[in-house]
Amino acid sequence: APASTAAELKVGLAADVSSLDPHYLNIAPNISLASHLFDTLVLVDAGGKLVPGLATSWRAVDDTTWEFKLRRGVKFHDGSEMTADDVLFSLDRPATLTASPGPFTSYTRQIVAKKAVDPYTVQLKTASPYGPLPLDMSSIFIVSKKAAQNATTEDFNSGRALVGTGPFKFAAFARGDRVDMTRNDQYWGDKPAWDKVSMRIITASAPRLAALLAGDVDLIETVPTADLAKLKANPKFTLEQRTSWRTIFWHVDQQARRSPFVTDRAGKPLDKNPLADARVRLAMSKAIDRKALTARTMEGLALPASNIVAPGIFGYNDALQVEAYDPEGAKKLLAEAGYPDGFGLTLHGPNNRYINDERIVQTVAQFFSRIGIVTKVQTLPLSVYFTKARTGEFSMALLGWGTLAADFGLRTLVGTPNASTGWGTWNWGRYSNPKVDELVKSALSSVDAGKREAYARDAAAIALKEVAVIPLHHQVASWAMRRGLAYPGRVDEFTFAHQVRPQ
Amino acid sequence: MDARPVLEVVNLRTEFRTAAGVVTAVDDVSFSVGRGQIMGLVGESGSGKSMTGYSIMGLIDAPGRIVGGNLRLNGQELLGLDAEAMRRIRGDRIAMIFQDPMMTLNPVLKIVTQMTEAVLAHHDVGMRAAREMARDALARVGIAAPDERLEAYPHQFSGGMRQRVAIAIALLNKPDLIICDEPTTALDVTTQNQILYEMQTLCRESGSALVWITHDLAVVAGLADTVAVMYAGQLVEQGSVQQVLDAPRHPYTRALIASAPSRNPRGQPLAQINGMAPSPLDLPSGCRFRDRCPRASDVCANPPPLDVDADGHAWRCFHPHLDEQERDDG
Amino acid sequence: MADAFERGAAPLLELRDVSKRFDRPPDLAERIVRLFGAPPRAPAPAAVDHVSLAVAPGEVLGLVGESGSGKSTLGRMAASLHAPSSGSRWWKGRDMDAMDAQERRRMRLAIQMIFQDPYASLNPRMRVQDIIGEAPLAHGMVDSRGQRDYVAGLMRQVGLEPALMQRFPHQFSGGQRARIGIARALAVKPEFLVCDEAVAALDVSIQAQVLNLFMRLREELQLTSIFISHDLTVVRHVADRVAIMVRGRVVELGPTEAVFGAPRHAYTRALLAAAPRMEARKITYVPAVPPDVLDDAAPVLVEVEPGHFCA
Amino acid sequence: MRTARRHDTPLTRFLRAYFSSRIAAAATALLLLLMLAALCAPLIAPQDPYDLMKLDIMDSRLAPGHVSGDGRMTYLMGTDEQGRDMLSAILYGLRISIAVGFASTAAALVLGMALGLIAGYAGGRIESLIMRVADIQLSFPPILIALVLLAVSGPGVGKIIVALIAVQWAYYARTARSAALVERGKEYMEAAAGLGLSPARIVLRHLLPNCMPPLIVIAALQVASAISLEATLSFLGLGLPVTEPSLGLLISNGFQYLLSGTYWISFYPGLALLLTVAAINLVADQLRDVLNPRLQGV
Amino acid sequence: MLTFLTRRVLQSVLVLLVMSLLVFLGVYAIGNPVDILISPDANQAERAKIIAAFGLDQPLWRQYLLFLQNAAAGNLGRSFAFATPALGLILERFPATMELAASAMLLSVLVGIPLGLVAGLRPHGLVGKTIMTVSILGFSLPTFWVGLMLIMVFAVKLGWLPASGRGETVSVLGVPLSFLTVDGLRHLLLPALNLALFNIALVIRLTRAGAQEALQQDYVRFARAKGLKNSRIIGVHVLKNILIPIVTVVALQFGSLIAFAIVTETVFAWPGMGKLIIDSIRVLDRPVIVAYLMLIVTLFIVINLVVDLLYSFLDPRVRLAEAK
């Protein structure tokens, strides 16, 4: 590759961008890329805080109405001005894309009515009080009504309908290979330092690093943990790390029936599910040496976790302590629960979904076997893993979750599963506690941020006391770049070219 | 006219060094062929006929090796020539035709390619001239419409026609010597007859010398001037056709002739040679025919010398059928 | 067509008007293409074309003809290795195709074939004992204990040392292999042999040994046979009657002496003229181009003298 | 001495020809050694790498020659990221790799050969059917097959073997069929039919043994590619259970460490795989040369 | 010829039918794509809506019939993950993979045949033995491992060649090709070599075996008897005869080359369809998987056809109608 000039930035991305339509598929690589071309009403800063985007301010007019003041003078890439019309159109659009498996309607479905008070003011009504609406608005990209009105997803991929307000303009898209962009000189915010940006997709981690080392790219995301130490010592490169919003934890099957992968020590199925007993779950939590796990297995790229959200995230409960490594205490608890000799258990996990996921499962299995639980490990490709996990086929399954608000996470992960309300969709262990449900509900319907956070903390405290899930660690996101570049690591793990600055 | 023989083979000896031991495929063989002469080389399978031919051509491959003797073509010594010099002679001064007409032509190359390359390998002529020569050669061996046939592939020819193509290739450069290694064995009698006719005509016209390897005595009887009989790597008898076929001296030759069905009354048991030829790895000392020979005696445990009479009739036997000049005709 | 048969005895094996074509039936694709008007494939010429022959018990019928004239195909049909495309075959007065399974099996064993190539016709991975003894054992003619003796007896009969029973075919010479092939056929006590060029691959001296064996066995076992060869001298030596084949058809048929002594058909004459003779000395060859004797209609054999038929 | 040679059995002749090449002899010795090591892994390995109790995460990624935290053992080839002794892991991995390679090849050989022989012997519709199925098989990506099997029945050595069988049998079927077509035309097959032997007997006793040699040679080569294929599947996350790593899995685990300086995690298993596959291939090569009578001289 | 083509088409249709059915069953057995693709925040209603939108609520046999119906009209469905027509998606990536595979094939033939000939002519010489022994490396080392090593040496350490990606492409008739630019060629070289390694070894072996076989043939001896130079005997007589088995195997190998391109494409971040298909398999994007396999099978059929044509070019004995 030709030597890069100061004005060109080449980034090695770890995941493939499947579509440039910002409302089609709600997956991280797509959102990350769309953020270069489009803006949202509310932006998220590197630390996960909500900051003004296309909306300069927002407030709850009443319990069920939110009002957003739009930024004036923002120009789309085609030169037209962004107005409330475009916002309303953009909020309507996700519901019109029927065939999307990862729909953005999750963020618009609370809105029952919307209106433009004037070209720079938008009011959104919800059916019931709903606090997280501004957060939801950070997920909906504002597209140009004029360009997108009759556009299909293909029109977005070809660039025809790709008219946004973002810091970069679209240049070229070679699926699976790269996305090229050029600077938007009309950008309303801080102008990016790069005339041209090329986002290269290099999914395999070692080759991605090799591309950096060979000078093919200037910056890569998700540095393989194995190479951190070496990279740190290399003066030609800089490393950036940031505790990410993604927390890794175990879902534990808590149903009263026989659990599919729990046996006695000899391998015969157990009639009773020991995992339904909170003491057993606590014992397992105590058996895990999170310090060793983060230091050795994660090679420092993780923080021991006590919450289901990362520190600094809305609703993080400081009062919760990381469960200390205490194998003796664990054994005692097991004995108390009636399993002095332990039992047999198979741990399930995905391979290549989370950083070092396969290794984490093995290491935890090591820890469990030390307190007498005869532990087996099975890791599966994602396609197989998620299907099985959702139908409750595992006894203990690893999951990683990233969210910017604890009440959201709690609703999905430990809320009592209920098809009609959409609660507990990822509650694989079927934990259920009405009190937790109640608190989360209160949090979600609080438009007052302080109250909302307090409810969420209380709910988390209860759920984690009962070991609804066994938190392991918070991932640390990492970026490596050639010396002379700086990037503020983002808690949401996104890689934004406009935030990369030459030093 | 040159009185020298075209080919002189003197005490030729060819060995194969195999894992199981040394095989002497050609053992002390001497003969010569003059211009326009046809020599028949007969003997049973494995007696070393082909290896004699290959030795003359310089086509003995490892683990085989010519270990002794002289090979002279028109007086020029061939043994000891370097590979390139030998290549120049091969196909130009000496040509060879093999037994199986289905196998000798390259199945994937056109006849014209296979013919012209034989010219171009030896003569600095243009493609057009080479093609012209090929055409003429095909016409000479009696192939109709030679121009069209040049463009054909071997599989489009019958066995007999293929053998004629092979002969045409051998004749292209008007060699002094042609070695034919059982070229008609795979053909039926009518086709064989035509090939014999063509070879004979060509020999008469061009004056090439011919070595005709076969184990069919009847073919040699009609075609050859002289005959050499091989047994287990050695020449056991040689002379003119009349001498060898009408008054065979060596018991092996005699038995061979006698075992032909046409020499036996119909429906009666054939005169047969009992036993088998010795393994080339385990030759008996002395006379190699000893174990099967009705006349064998103790003296046969010594190697018999090659006796020659005044007429040039030679044999290798202690007990030749000397005075029985009669033919034991049935 | 007249029944070309002289002795008056009932024939042991009779082929009536048999033909063989090596045509494949058209498959689906071909039928579809034809549906759209493509011309049908040109039919392959018949390998055997309306041939009738009968062999009397104890007789040796020689079959002569140039390469590709259909001799082997005819022999294979006689030995039930090929089914004829048309015509019928009769064994001891019974139609082969109307036999029940058991009768057919007996008939198949009674007619055995001896093959041309002494190398290809023996399974290289079996010991001689198994090659010869497999079929008798499989058909219950001997039990596994008796097999050794049975095979030894057969080997002695064909002049092989029974001690060699445990060897593999490649450890034998061509003549010995031919004998093994004969012993294998004899092992199922056949009444009828089809010898397809059984000596063609052998040396003159070995050929004499095997022919002698063949003639001896014929006397001892009262075998009837079809003897296929393109070596005229060999056929003349062993056959009682000969049939001359050209391009799938029989053009002359008669007692050996009659056919060889006074050939009637132009093709037979050309064949005889072309055969090399030991008595010739430095002859001048003349191209003996066989007359193109056949037209498209199947020839009718006419009896030119008693038992001697010619097209 | 000469006479002694004349009465050689085919076996001794074969052995002499076989060991005439020094490379082949060395490869055979190496292969035997590796197989022996694999077989005796539980006896000679310093650690049971599959027993999670025996592993200590605090011993992870130790360089070759380091002593374990509790001082009980020295890791001659270092440890992997779980604290597994690489030497032990390689010995056990060799065991699995060789077992997977040989078992899948043997089973695929039997299956493919049976179908190929039947196709070649029977001809007609049966032949078309079998060969079309083989065609389909050959155009199916191995990973998809592996993934389906994995999903339906979970990971495990058995499933990998099944996947590899599914991938490989078609090669054998093709080869067996073409060999059968050649053999079917030979006169000994006709002779067998003429002797009234049953088709089953003809196929098993006559056709099969004569079609074996080319298949055996391909199979020997295929063992090696099966081992490599298993490694590739492991690399794609479709291979064996992580806790019971084969050589391939060890390599692909260590793959991430290739650039990082902890070379031993991938290097030693790679070396072991290389040696194994190379030895198998050299043995197969020599077998082919020795078994081919045309290349043997007279 | 017409019969031959008709036969081929009939067989291909059958193969395609069976193939698609297998894929349907296979994907069904693996899992539900919606579970993998669905947004974490989606609720039950949204889930149901998507399942219905994909037609996954129908019984499998009806899904299959529907697919057949659409396929007959040339529509292989829309990708679940990409929302674009599956066939278009595959075709978009197809040139990159084909370019890679074809270069690898070319490389293996260009390198393999000469080396194989040398080894075949001197089977017992030092050179021949060395070639055979070294070629075993091609069989032994896993592709991904060698790939990374190539990157390490040629991109990172020496800096001669780029480590990943496809580089500059030139569009010819709408098809982007990289071998027409210097930058593209530089990007192509390492992955092509990586992919070719196994096949180089294979071609060496085939060529050697073929050469040894051919050298025993009478026509070679006859060619020598004609006094031809060795170079002509090897380069014309021997080579043309051994090309037939090589073409057969190499063509057959083309399929597995494409299948294994997946690994190379992953290591070298080559934007081919191998990466697409493995991602699609990961997320059970059935329309893409089906379209991919359809394309591959069609490709196989075309390759087989080309091979048959090549046969009749290389071997005059083969006539098309007789080819099976």
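By written order: A, B, C, D and E. Residues from 1 in each chain.
Everything below uses one rule, namely that a contact is a pair of C-beta atoms (placed from the backbone, for glycine too) under 8 Å apart; a residue touches a chain by one contact, two chains touch by 3 or more.
Note that the structure is a prediction, hence the values are computed from the model and not measured.
Novice: Quick check on the contact graph: shortest path length from chain A to chain B, in steps?
Specialist: 2
Novice: Chains in contact with chain D and with chain E: which ones?
Specialist: A, B, C
Novice: Among the chains, which has its CA centre at the largest distance from chain C's?
Specialist: Result for max centroid distance from chain C is chain A.
Novice: When all chain pairs are ranked by how many C-beta pairs they have in contact, which pair ranks first?
Specialist: A-E
Novice: Could you give the separation in Å between the centres of chain C and chain D, each centre being the mean of its C-alpha atoms?
Specialist: 49
Novice: Please compute the C-alpha centroid of chain C, do the same for chain E, then give the distance between them in whole Å.
Specialist: The answer is 52 Å.
Novice: Just curious, how far off is chain D from chain A if you go by their C-alpha centres, in Å?
Specialist: 43
Novice: What are the residues of chain E that contact at least two other chains?
Specialist: Within chain E, the residues that touch at least two other chains are 30-31, 148, 152, 156, 281.
Novice: Using the touch definition from the top, which residues of chain B touch two or more other chains?
Specialist: none
Novice: Show the residues in chain A shared as contacts by 2 or more other chains, in ascending order.
Specialist: Within chain A, residues 206, 210, 213, 381, 383-384 contact more than one other chain.
Novice: All pairs of touching chains?
Specialist: Touch list across chains, by label: A-D, A-E, B-C, B-D, B-E, C-D, C-E, D-E.
Novice: Residue numbers of chain E touching chain A in their complex, please.
Specialist: 30-47, 49-50, 53-54, 78, 80-84, 89, 92-93, 96, 147-148, 151-152, 155-156, 159, 162-167, 176, 183, 266-269, 271-272, 275-276, 279, 281-284
Novice: Given the complex with chain A, which residues does chain D contribute to the contact?
Specialist: Within the complex, chain D contacts chain A at residues 52-53, 55-58, 60-61, 81-83, 147, 150-151, 154-155, 237-238, 241-243, 255-262.
Novice: With touch defined as at the start, can you tell me which chain A residues reach chain E in the complex?
Specialist: Residues of chain A touching chain E: 1-2, 16, 18-19, 21, 24-27, 97-107, 109, 153-154, 157, 174-178, 200-204, 206-208, 210-211, 213-216, 381-384, 386-388, 390, 401, 408, 412, 419-422, 425-426.
Novice: Taking the complex as given, what residues does chain D use to touch chain E?
Specialist: Chain D reaches chain E through residues 23, 132, 135-136, 138-144, 147-148, 151-152, 221, 224-225, 228, 231-232, 235-236, 248, 251-252, 255, 258-259, 266, 270, 273-274, 277-278, 281-282, 285, 288-289, 294-295.
Novice: Going by the contact rule at the top, pick out the chain D residues touching chain B in the complex.
Specialist: 2-3, 5-6, 16-17, 20, 297-298
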